[in-house]
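Letters A, B, C, D, E and F mark the chains as written, and numbering starts fresh at 1 in each.
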Amino acid sequence: MHLDYIPYPATGYSSGDAAWQLTAATLVGLMSLPGLAVLYGGLVQKKWAVNTMLMAFSAFSLVLIVWALWAFNMGFGHPWIKTTVNGSPSGFLGRPGPAMGAGQEAQADIPLLDGLMPKFNFSQSALFYFQFVFAAITPLLWLGSVIGRMSFKAWLVIVPLWTTIVYSADAFMLWGGGYWAGKGAVDYSGGYVIHLSAGTAGFVAAAVIGPRLKRDREHGAPNNLLLCATGAGILWLGWNGFNGGDPYFAGADAAAAVVNTNLATAAALLVWLVMDYALSPTKKPTLLGSINGMIVGLVTITPAAGYVNGLGAICLGVISSTIVWTAWYKLSKVWIFKKVDDTLGVVYTHGIAGLCGGLLVGLFADPNMIVYPAGTAKGSSAFSVTGLFYGNHSWHQFWMQLFAALTVIVWTAIGTFVILRVVGLFMKLRLPDAVLESGDLAVHDEEVSPPQTLVAVGAASPPAAVTPTAVEEPESTASSSASEP
Amino acid sequence: MRRGRLMKLITAVIRPDDLEIARRALSAFGAPGMTVTPLLAASRWNRHLEVYRAEVLVADLVPRLRIDVLADDEDVPDLVALLARIGRRPRGGDDTGRVWISAVEQVVRLRTGERGEPAL
Amino acid sequence: MHLDYIPYPATGYSSGDAAWQLTAATLVGLMSLPGLAVLYGGLVQKKWAVNTMLMAFSAFSLVLIVWALWAFNMGFGHPWIKTTVNGSPSGFLGRPGPAMGAGQEAQADIPLLDGLMPKFNFSQSALFYFQFVFAAITPLLWLGSVIGRMSFKAWLVIVPLWTTIVYSADAFMLWGGGYWAGKGAVDYSGGYVIHLSAGTAGFVAAAVIGPRLKRDREHGAPNNLLLCATGAGILWLGWNGFNGGDPYFAGADAAAAVVNTNLATAAALLVWLVMDYALSPTKKPTLLGSINGMIVGLVTITPAAGYVNGLGAICLGVISSTIVWTAWYKLSKVWIFKKVDDTLGVVYTHGIAGLCGGLLVGLFADPNMIVYPAGTAKGSSAFSVTGLFYGNHSWHQFWMQLFAALTVIVWTAIGTFVILRVVGLFMKLRLPDAVLESGDLAVHDEEVSPPQTLVAVGAASPPAAVTPTAVEEPESTASSSASEP
Amino acid sequence: MHLDYIPYPATGYSSGDAAWQLTAATLVGLMSLPGLAVLYGGLVQKKWAVNTMLMAFSAFSLVLIVWALWAFNMGFGHPWIKTTVNGSPSGFLGRPGPAMGAGQEAQADIPLLDGLMPKFNFSQSALFYFQFVFAAITPLLWLGSVIGRMSFKAWLVIVPLWTTIVYSADAFMLWGGGYWAGKGAVDYSGGYVIHLSAGTAGFVAAAVIGPRLKRDREHGAPNNLLLCATGAGILWLGWNGFNGGDPYFAGADAAAAVVNTNLATAAALLVWLVMDYALSPTKKPTLLGSINGMIVGLVTITPAAGYVNGLGAICLGVISSTIVWTAWYKLSKVWIFKKVDDTLGVVYTHGIAGLCGGLLVGLFADPNMIVYPAGTAKGSSAFSVTGLFYGNHSWHQFWMQLFAALTVIVWTAIGTFVILRVVGLFMKLRLPDAVLESGDLAVHDEEVSPPQTLVAVGAASPPAAVTPTAVEEPESTASSSASEP
Amino acid sequence: MRRGRLMKLITAVIRPDDLEIARRALSAFGAPGMTVTPLLAASRWNRHLEVYRAEVLVADLVPRLRIDVLADDEDVPDLVALLARIGRRPRGGDDTGRVWISAVEQVVRLRTGERGEPAL
Amino acid sequence: MRRGRLMKLITAVIRPDDLEIARRALSAFGAPGMTVTPLLAASRWNRHLEVYRAEVLVADLVPRLRIDVLADDEDVPDLVALLARIGRRPRGGDDTGRVWISAVEQVVRLRTGERGEPAL
């Protein structure tokens, strides 16, 4: 009986790889919902918690619709304008098109990567969904820069545009086999495409939209650290899927990427903790500081996870955490960083951390970390990346990483700026001050912990029980009230 | 005569579940307004127990509401009687709070600046 | 050395499918605990949060014991009274029996489905557990209809009975190879068996048990939206296992089901958001409204996840969300829906949404969405479902879906009613009003955020530090107290 | 093209097993963060929530660094001092050494287990990470015994030492192929190595460090039951990875272990619930009590998960829950258990529960529960364990379990005691009372739900809007103030 | 003369967003200290709505702050005028609270035991 | 003589950690009851800092408790002295609150309707 049915479509299909890809994607999804939603929801002022979470839920939804209707193919489909890089076909952006038909059940395929990596062992749907959760988390990340004043309506309009114009292009150039992929720049799972881009977009958006109320900036206390920890924990462990899923195979490199992710994160968290201990104004270790460090570690290892060895991962965590900690305390005091109101500091923990990680790949990438082993066919060679400290000590990879970073920064900054300005022509990007005064209640008629004295409208008829009829013992009370001089 | 001397502040410590009935009665009576302040009351009654992980804890400060009503002297007896009637409803052997009256020398309605009685 | 051991039992065993099945089951488990527990715990009044969560934890446990001792085989074992449908053996309920022995390590098997689908690639334990988490979440869902007045003790008695009598039968008829399965009605992963059934049971139970206190109905404000978001996020992503696990293989259709699940959910969430924006009394988008929309999407795609294509999934989300939104605002104002106190509105977000999804399968099912590809043996054909809009445009599937739905509704309604009435003969189903007044404290001696002034019993001896001995400077105080006219 | 690349390193590699191992490890990681962090964070007094959570996050990080630099090989590497047990090589502790190089991508290997179990189907990185999450959760567990007074700085020093000296040795003896493994004592996934050890360490640490403030012991009310439920739910379902991942293969025994885990847990939760109902002073079922029962069930099945059948699992849950419930209510009133301030009672829910489970393996282990089926090669036999109630009814396994337990208790107790005393020579283990008075604010300058009135330093200049200039209508006010007798 | 008779307690019910401005004005004026108590005010204005799952709920008890300032009799008019000016600022048709004054017989600064005026 | 005139309300603003000791002392003294209201106090001392994500925030409104005790005139000096002694305990340079006394014209125990002294 069994032979009669094969539960899988193509040969070369592996249920193990499919299982891992779906699991990894689900973990990344959990990083957004509820992960980021409640981390940010707990980090913002109490009066903005609902707004923040609803922006997260709605953006996650918007990105998926856009992704299915046209954007996935702009990031991973056939190049729109074909170019060639080092002889092989390339481009800057994919041709838009829906990814919704039954054809999605066929074996996965990224046209420009054919032959450059093993054929996928799972269906296109799995690839589509895995890439979706990455696309979805990116605007959620830079949401952190604009909460506390951004118009909810504008958010609903901007997210789809941003995913289409900015994210797809970044993804195509580095992951879709586009220009920088051809050039040999690498981004293991989104240090550039996701985090550097989110940091840049958030910063630009914060600048364009303008700052929160002076009063809110002065009263920027978070509202619930239990939820911050809940979100942070989900982020950390969810990142196992974030980086572990990116080789597309449940192979040895996936496991190595998971280990490296955790090593860098642990190191970065501890470095931040120790620096708070030793150098912060109050010389105390803090939970939110440690969570910052944790995020820095997760972000910085992201572009490098499967390319560096364990020691390299620790180094990345230590270096980036030191840099970002310093930026957080010092850079934030100067010039534009002081002026622009990046509510949760996304530009530091994602922008700078992602940039550091991407560049450090150029130094720490260990050629012995095999992403894809060589096959049997002659001429086939294993795929790995070599940084300055290995092989023939060349700076080449570093430069590639640097140029790719600059491209991402510039493209993202311009794209974000233009989108916001254009949308700004049709609607206010910033809520009126009166609305900002009250926050969630004004925008959504909800507050994060509603008073239990709220009563349904129309439920206020005086009860029969007590009616102010003839008053008993008037004299005694009279006497009492008469009892004053 | 000087009205100022005859404004009073009626303060009542009541049980949370009496709030609604009290409010409705007061507004039905026409009391202009009131404030409600949640507080903890040291009561010799009703020290309810709570149990967490087998540890029995006693809430010897029970949650109560403090109601403050500014009123004209003439209305005081009625208002007190009204609150008394509410408080007196039979209840599980349990405290039912206090009402006390104190003199107020002046009242100002901030919105308009009116003073004295009209500001009540 | 390696050949010497095979870590798997039967040939045809696939570690990939087993991994996915266990992972999917765990995700579904997480939807119940902590997912639903904290979503509901945050949605109810503060005074009912503990009671709600404990009902969830205890029901989850009760169902498992029942499932192992007898109920699993009533849902997926050999038919109790054998019948035949379209020539092949069938029935309405399985023969009760334990599922606990070492035999559970053998290859999985659902007797009535032998030959109708590929042989399972994992052990019976995996199948048992996967089906358990579905059985467990169902009463947790309709718990939402009865919280705020149902007796905790009665709950403990009713849940096992309900799982045995109502759930098992529904499951057997549609999933265990029973009558409606034979007739060709399909329920991909529980739009009927779980959600329609939960909506029906909840509504009936709410009617039989009676409403909450008038006062509580008037003061039905939730208590913590951060936890609502936490639970909602876990529900959404956990649903990847809910629908992705149901083909029983980590094949292409599993991935397609995951994508469809998310597409329908995103669409439904956005539709609800927009309708709140445009048509709600206060014209504001709300977080809890969006979560309603999200749930509608998840529920409505459940019976269809692997049968429709991406476009179909979006259509299902849009249609059902529109219908349920309207029902929520309008239907709730009329007649019985106004009278019956369905605390969290389970009949709308699960009952109606599940029904819509199930019926729409009859329209949108795409025959090109292959659940199980054809095998090599001659005569073997791929398995897929064809709706009105495809193939030869027949209404057949729709009717099958409709009749199956009616069966589920009727059986669930009657079963639930009888169980409640019978149990009602032996114990009160509703808590006395005095208890309802105080809620958690009265039922469990716990409250969701305990005052930090609570002090251990017997810890109240007056301290040495201060004793009211001889009073100092009496004169001055005397003068002060004498200082009045 | 496809043949040209093999995405996996060694033959014998299975993407399914790798996927499951990484997934299981991630689930276990989630049990720590956010699971335990928020369960404990919600269980402690409000003033200690931040401190508790930060201890969890930092310990998780510290253990990983230690694990990678030297400790993993002390638990699972080559024996430091080689001995032989029953003819085969053995030892008490592994030789320290880093586990960070590219070599970690090779097939996994535990030297002393070569030939005693199937070769691993995944890479060393996966094994390393899976074992890390176990090592990490252990100190987090016994953190529950010392919160509310332990110095944060001391914690940062003690955790790495404890992992190195205590945990590694316990792990090596039972899992690394060390002495007790050779003797035939079994610990399926940590009833001894993790829970018995955590219970012991916590109790000793609580005794050495000393109790909380009298005032805090008297006011030990938790602060947020919603978060307790969140953490508890994640623990339960995460445990599917905890026990399901331990056979190292996604085989039938993994699924059986998952089922057993849930059965024992459900039974234990219900037993605790019923005993609270029937025997507790206030005769009421409680959420936190049920969560205790749940933890007891999870812990007690841990050493037995894949060795007992379903009925055995239920028995374990019932027996252990009864024992621990009794200990919790009675034992806690006597002698040393009354004296030592084990804040969250880890010695009961982990220590005693783990011990019970380990011993009961000696009674309930069912030889038909096959962990590894026999291979093809002659002489190869399936691996399973036989308890008193099966086979030739021998007490042998029970004695092995008992002696192993005693070893773990003694070694852990001594190790913990020595570490604390030594560290105590260099720094205070207990915070000064003044600090204990205020808790989180004193230690971290943070509190779990910060007042929204906090204002940024230096943001306090008097506003232009209102300045106390010439006062209007002085007379009227004067008259008013003059209006007294 | 006896100072005790001339100490007053000024109590104001204000809107939360007026707190800061009020505090700054008071300290600028030199008021020694104050206490701020969050409470719920029954206001005939400003019953804002909240909506949860399509159920429209009305907050007819609006959150307000109660400010208590002990002051010397002479400062009372200025302080009241000051609070009045703050409260009077134009606002969306909305209540703006009350201020009332009552007599205090004695004040003690616990830290030092000082009584009367110096303890203010 | 008329008792009503000689009932007083003793109001104290104390530090949270003094609550227990105060309560015990009061009940040991035999004070019939009390109410405890959490509030924020504007103190010139003890503006503790909190730090969130490297932003240093100052809590210039510190959490305090307000205790209200209705008492018979004769008991006032003792009660005040008692509170004063508690408040005076040496503490990290830090505010220790206020106590003030005001007249109450009438007190009613809601449960029984008793008035005046017996209702205390």
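Just so we're on the same page, contacts are C-beta pairs under 8 Å (C-beta built on N, C-alpha and C of every residue); 3 or more make two chains touch, one makes a residue touch a chain.
On a predicted model such as this, the values are computed, not experimentally measured, just so you know.
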Classification of the chain E:chain F interface as same or different, half of numbers criterion: different
Between the pairs C-E and A-E, the one where more C-beta pairs touch: C-E
Separation of mean Cα positions, chain C and chain B [Å, integer]: 45
Euclidean distance of C-alpha centroids - chain C vs chain D, Å: 30
Gap in Å, rounded to a whole number, between the CA centres of chain B and chain A: 51
Multi-partner residues of chain A (each touching 2 or more other chains): 14-17, 19-20, 23, 219-222, 224, 230, 282, 284, 286, 288, 445-447, 450-451, 453-456, 460, 473, 477, 480-481, 484-485
Per-residue multi-chain contacts in chain B, two or more chains: 8, 20, 27, 37, 40, 49-52, 55-57, 61, 80, 86, 101-103, 105-106, 113
Chain E - residues contacting chain C, complex: 2, 4-5, 49-57, 105-106, 113, 115-116
Residue ranges of chain E in contact with chain A within the complex: 17, 20, 40, 48-52, 55-61, 63, 92
Interfacial residue positions of chain B with respect to chain F in the complex: 8, 12-14, 37, 39-44, 61, 64, 66, 80, 83-84, 86-88, 95-103
Complex contacts: residues of chain D adjacent to chain B: 43, 219-222, 280-282, 284, 286, 288-289, 292, 328-329, 332, 344-345, 473, 476-477, 480-481, 483-485
Parts of chain A lying in touch with chain C, wherever the complex brings them together: 1-9, 13-23, 25-26, 29-30, 32-35, 37-38, 41-42, 49-50, 53-54, 57-58, 60-62, 64-65, 68, 98-102, 104-106, 122-123, 125-126, 128-129, 132, 152, 224, 227, 230, 443-456, 459, 485
